[in-house]
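Once you scroll down, you'll see the structures, which are given as structure tokens.
First chain A sits with chain B, and in the next complex the same chain sits with chain C.
For the complex of A and B:
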């Protein structure tokens, strides 16, 4: 398999970039811990999502046990997907890419000295803290300590642990950028800097105003929506895009060469991304201008999406590389998912359409496609690309990788199609007040039934990835044992 | 854009725009809304919640009712179906949430909107039975049973006034009764106080013909 050698551009700064092997050695442990845990949370999140969807066709399933209730499991599953899997994998991808793109090992030149060791211990403790916080936060929802704020259900102590841990890890991506040995910064690096700056800001503000010291509830609506939109558009998506910008051209062995387009896409995304969540409040209890802003932002979001996808999908592609290389395939699919997210988001924010589909599965489909498609697919790509390089050997079982790829796409495609259709269907039925609510619930039964199948596929895909990564890492352990003898 | 400070200030400025508009503005403007005087009863609007209702919000949050229920009636300019379905006599406005600890706006409606459930279903007994076993009162309901909010106990002397009137398979064994716990009572007190059937200056109640 072809691997990307990062970075491959000519450097013009004084210091010579460090070779990739020492860079990888400096980030190996934290990145592997983050990726490994991210995958295991992905498996658990997928299992919970499956149980949640079964509960919609058989409300009695696992019933009678209060903490296995839909109302607790659904936020547990979503938060695990967001913080256990996506954010954690994004941190891993971000650190690895940043170190590589900057030609600079984590902890600088003195990476091997006492300072370097201390730093690495600090970062590794931070990764453990993150996972502990996710675990405790999830258990807290389970035990009935949810805050009841969507996407921010973790109690205040768990969210402060998450923020602290993120700061300890994230600051290094900024410092690495500052000390980079490669000259001209790449677009991928801008995305990473932006993402790593935005997350603490977004997560900190939202928690402060909604959880730690909640402000008067009349003001909470816009902040909640802002949080949901910004988390996706200004943290997860930029990391996913950074991965594609950094790796896709190198894997395809060509230059996107249209830097002005990339620059424009970057700034447009940052500018509009923050307003993106307002589609959740169209027609809601907010001043009228916010509703209008939501409509405008939803439609304008198509601009960065189109610019970025034209920029990246427009590259000449060698089909033999595409068909043989899983990272490339994941990246391309992630970009298609992003285009679809943009289109659904724009439709969804048109006032008349929003009036019909909001609160149905249709809007939920957008969030799912965003998290599981536009963000997760590129992150899978980085994972497949990074691990062999970090371990210094081919480690993936390509049969398993192939199955993972296909089953993920089929499951995701099915899930999204069903949610869009089901949502449209219920939405239209809801506009007719003579149709009773329970009647509408019964209409959506077939959709819910098929959604279970889709969730099952996604669980199988996650399990395959889990087996694949465990195999890879265990292989390393066995190898060490052998050489140790 | 190759120097960190330039890049950072660019990012900061661009990001600041949405932060000011969607975080700072609401915090300063909507966060300072005040109750208005109630001309009819001499109180204030929105009315103050009782102690039980305040405690009930906690149960609403912990049981994740928000995963399936919204609490907002949308503007009629966007859709008239919320009002026509009888989920409220007027669209919700920011001031309606003044007394809440958390605005349970919600994003999915697997169940009905609850912003006016206290108007629509004013009977606490109905709520207890519904929470205990939703399909007992709504055939084919997707709502989970919250039977953990209830106690099954032996009838001591006389049957308690609070005991649920359950029939069929739900009925407890002979000599036993099902009574709501404090949590259930608080939750229902909260549900009953969810009523926004009064006009506010920014949200008058329009007289409309009977719903079609």
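For the complex of A and C:
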């Protein structure tokens, strides 16, 4: 690779990189608002997911109230997980990492003057707008005004607000990158630039064609599948990977080696990622090449997944650092989750196999592992790493952090294992004409029952994180009060 | 937790080893890419927008096929429903005393003195006045159907010669074209006498296709 032979040169701007403290000061408020709200949505989404999974074993639970039926709670839970938690935390992680990696404070050279203040007001307003849109969109689903398009249930006004808010926040990652005061771009920066360019494209296109101005019905299925695959593979996953590429080598105190592998993994991910998801339509009313391309992409997605995990997991690790450092542990677990996502995804897209497990919990397990594992775990890592630096002090209660880590992993592992196994059993039973449908539902009952326990664990983990972060931020407030006295 | 390792803008050591991947892994990646290419070639339906079943067409086997040939009887039935049922009825039985039946009709099946050319002629140019069908007398007029294409007329005739127990060979579009050319000068509808004055063209006798009288 050409890059590897180049010296680490400073960009021509002649500006010296700013020290970490001033950078953190410039991004502190927006990043903390985003992270704090993301965690609070995570708690609510986990609570809703628990109710949804209880409804699978006790359909009558909260059944008499139209607001609380499955058809409204399930999309609310999923959308809060995607837009309230994952996308918001990804924006926070992306802005903080980009500012740090570029050695450039938010607002650039405007600094503390009027221009800088205006810019910061604008970005803080955008973070509030984002949360307002998530809240109103969720309430709209609650009240029955869902669009009915999977993962795009928010009404058109809410999705427009989300897109506007994202553009106001996301433009900064591009501007920061453009004004970077450091040398050649790091791998993490490629991923961030790509991700921040992809989200408006994906979200805007899907909303335009499915919600704002719906096109003919026959084309809506493929677009919706493309959206689901691309949102995960081209927006959430790249930000999660950027966090790992940026932080893991530094926390492990080793050089990120094999940049050529990183290059290959990056481009393969971008090339194949967007084609993921079409395999959901096998046998559906779409041209054959679309589903076949989805099948091929589903299997070939293993290539970037393997390259990236070899690249990142292959780094020499100091086990004492690993055992004492929660961000590192979250990053590593996120990478293992990604490998598993790749394997399950490849299996799930093979027509012979997917013919058995389609329409069972197996396919849903892939989406859950992707969102809660491959994306959320690295984002937890960034959160644990960023907050003390942004606040300028040790702020986490390590007992709570440890419980959060363990309970998250146990809950997630249990949930995914149950969904995979349950889905496989249900699928095999469904293909056997001698088994009645009532029998199949009774087979899947114990799996659904245990899934409720897993969801309860995830809710407890989210609550612990919520308490931990509230304690950290409130601690800041109390500290200020004390010093004020 | 350890916060000594903050993000620094300048890394001390930026040399990255470019140790190559294991050849086994590279081989596996290449194989999966090849598989992807073959899978697409065999299952893409030639990348056609109108092929929904991946096995129907593929690049590997004989190229993109033309659309499957349509059954003239199916098309003919649709055209019959659009144009003819008003008089001749969906049952092909006509209306007693007003519109003659097609079922077992010597005009349709080219029996007796009637030939296939007479059938095509009367459809193209119409029929008027007094005429006999299956021993019943009718006095009515059938409008000309020149506006339909040769293919459409052939499809309709093939259909009425094959449904309701009728069993006569198909009429080809070429035959209709030929008759249309021969009778291009005709302006008025025929009478039965005019039709009968012309020699009948009988269908080539194909074993098993002989008309069955009902």
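Descriptive notes on the structure:
The definition used in the following text is that the second predicted complex is superposed on the first by the 471 of 485 C-alpha atoms of A that agree within 3 Å, B and C clash if a C-alpha of one lies under 4 Å from a C-alpha of the other, contacts with A are read in each partner's own complex, and residues count from 1 in each chain.
We take it that a contact is a pair of C-beta atoms (placed from the backbone, for glycine too) under 8 Å apart; a residue touches a chain by one contact, two chains touch by 3 or more.
No experiment lies behind these values; they were computed from the predicted model shown.
Once chain A is used to superpose the two complexes, chain B occupies space next to chain C without a clash. Touch criterion met: A:384 reaches chain C, while chain B stays clear of it.
With both complexes placed on chain A, chain A has more residues touched by B than by the other of chain B and chain C. Of the two partner chains, chain C is the only one touched by A:20; chain B is not. Centred on chain A, the angle reaching out to chain B and chain C in the chain A superposition, using CA centres, is 30 degrees in steps of 10. In the superposition on chain A, contact is made by A:174 with chain B only, not with chain C. Of the two partner chains, both chain B and chain C are touched by A:293.
Of the two partner chains placed around the shared chain by superposition, chain B and chain C are both touched by A:285. Once chain A of one complex is fitted onto chain A of the other, the partner contacts of A:354 are limited to chain B, with no touch recorded for chain C.
By the touch criterion defined above, A:247 lies against chain C but remains apart from chain B after alignment on the C-alpha atoms of chain A.
Of the two partner chains placed by superposition, only chain B is touched by A:148; chain C is not. By the document's definition of touching, neither partner reaches A:414: not chain B, not chain C.
With chain A fitted onto itself, chain B and chain C come no nearer than 5 Å, counting C-alpha atoms only.
Counting contacts as defined above, chain A residues 183, 285-287, 291, 293 meet chain B in one complex and chain C in the other. Across the interface of their complex, chain A is touched by residues 1-3, 5-11, 13-19, 21, 25, 29, 32-33, 35-36, 39-40, 43-54, 56 of chain C. Within the complex formed with chain A, the residues of chain B that make contact are 1-2, 4, 7-8, 10-12, 14-15, 17-19, 21-23, 25-27, 29-33, 57, 60-68, 70, 72, 74-75, 77-79, 81, 84-86, 91-112, 134-135, 138-149, 211-212.
The residues of chain A lying in touch with chain B in their complex are 55-56, 59-60, 63-64, 66, 69-72, 74-75, 141, 144-150, 174, 177-178, 183-185, 190, 193-194, 197-198, 201, 205, 209-210, 214-226, 230, 234, 263, 267, 270-271, 273-275, 277-278, 280-287, 290-291, 293, 351-352, 354-356, 358-361, 363-364, 430-434, 437-438, 441-442. The residues of chain A lying in touch with chain C in their complex are 1, 4, 8, 17, 20, 97, 100-101, 103, 181-183, 246-247, 250-251, 253, 255-261, 285-289, 291-293, 295-296, 299-300, 302-303, 306-307, 310, 321, 324-327, 384, 388-389, 394, 396, 398, 401.
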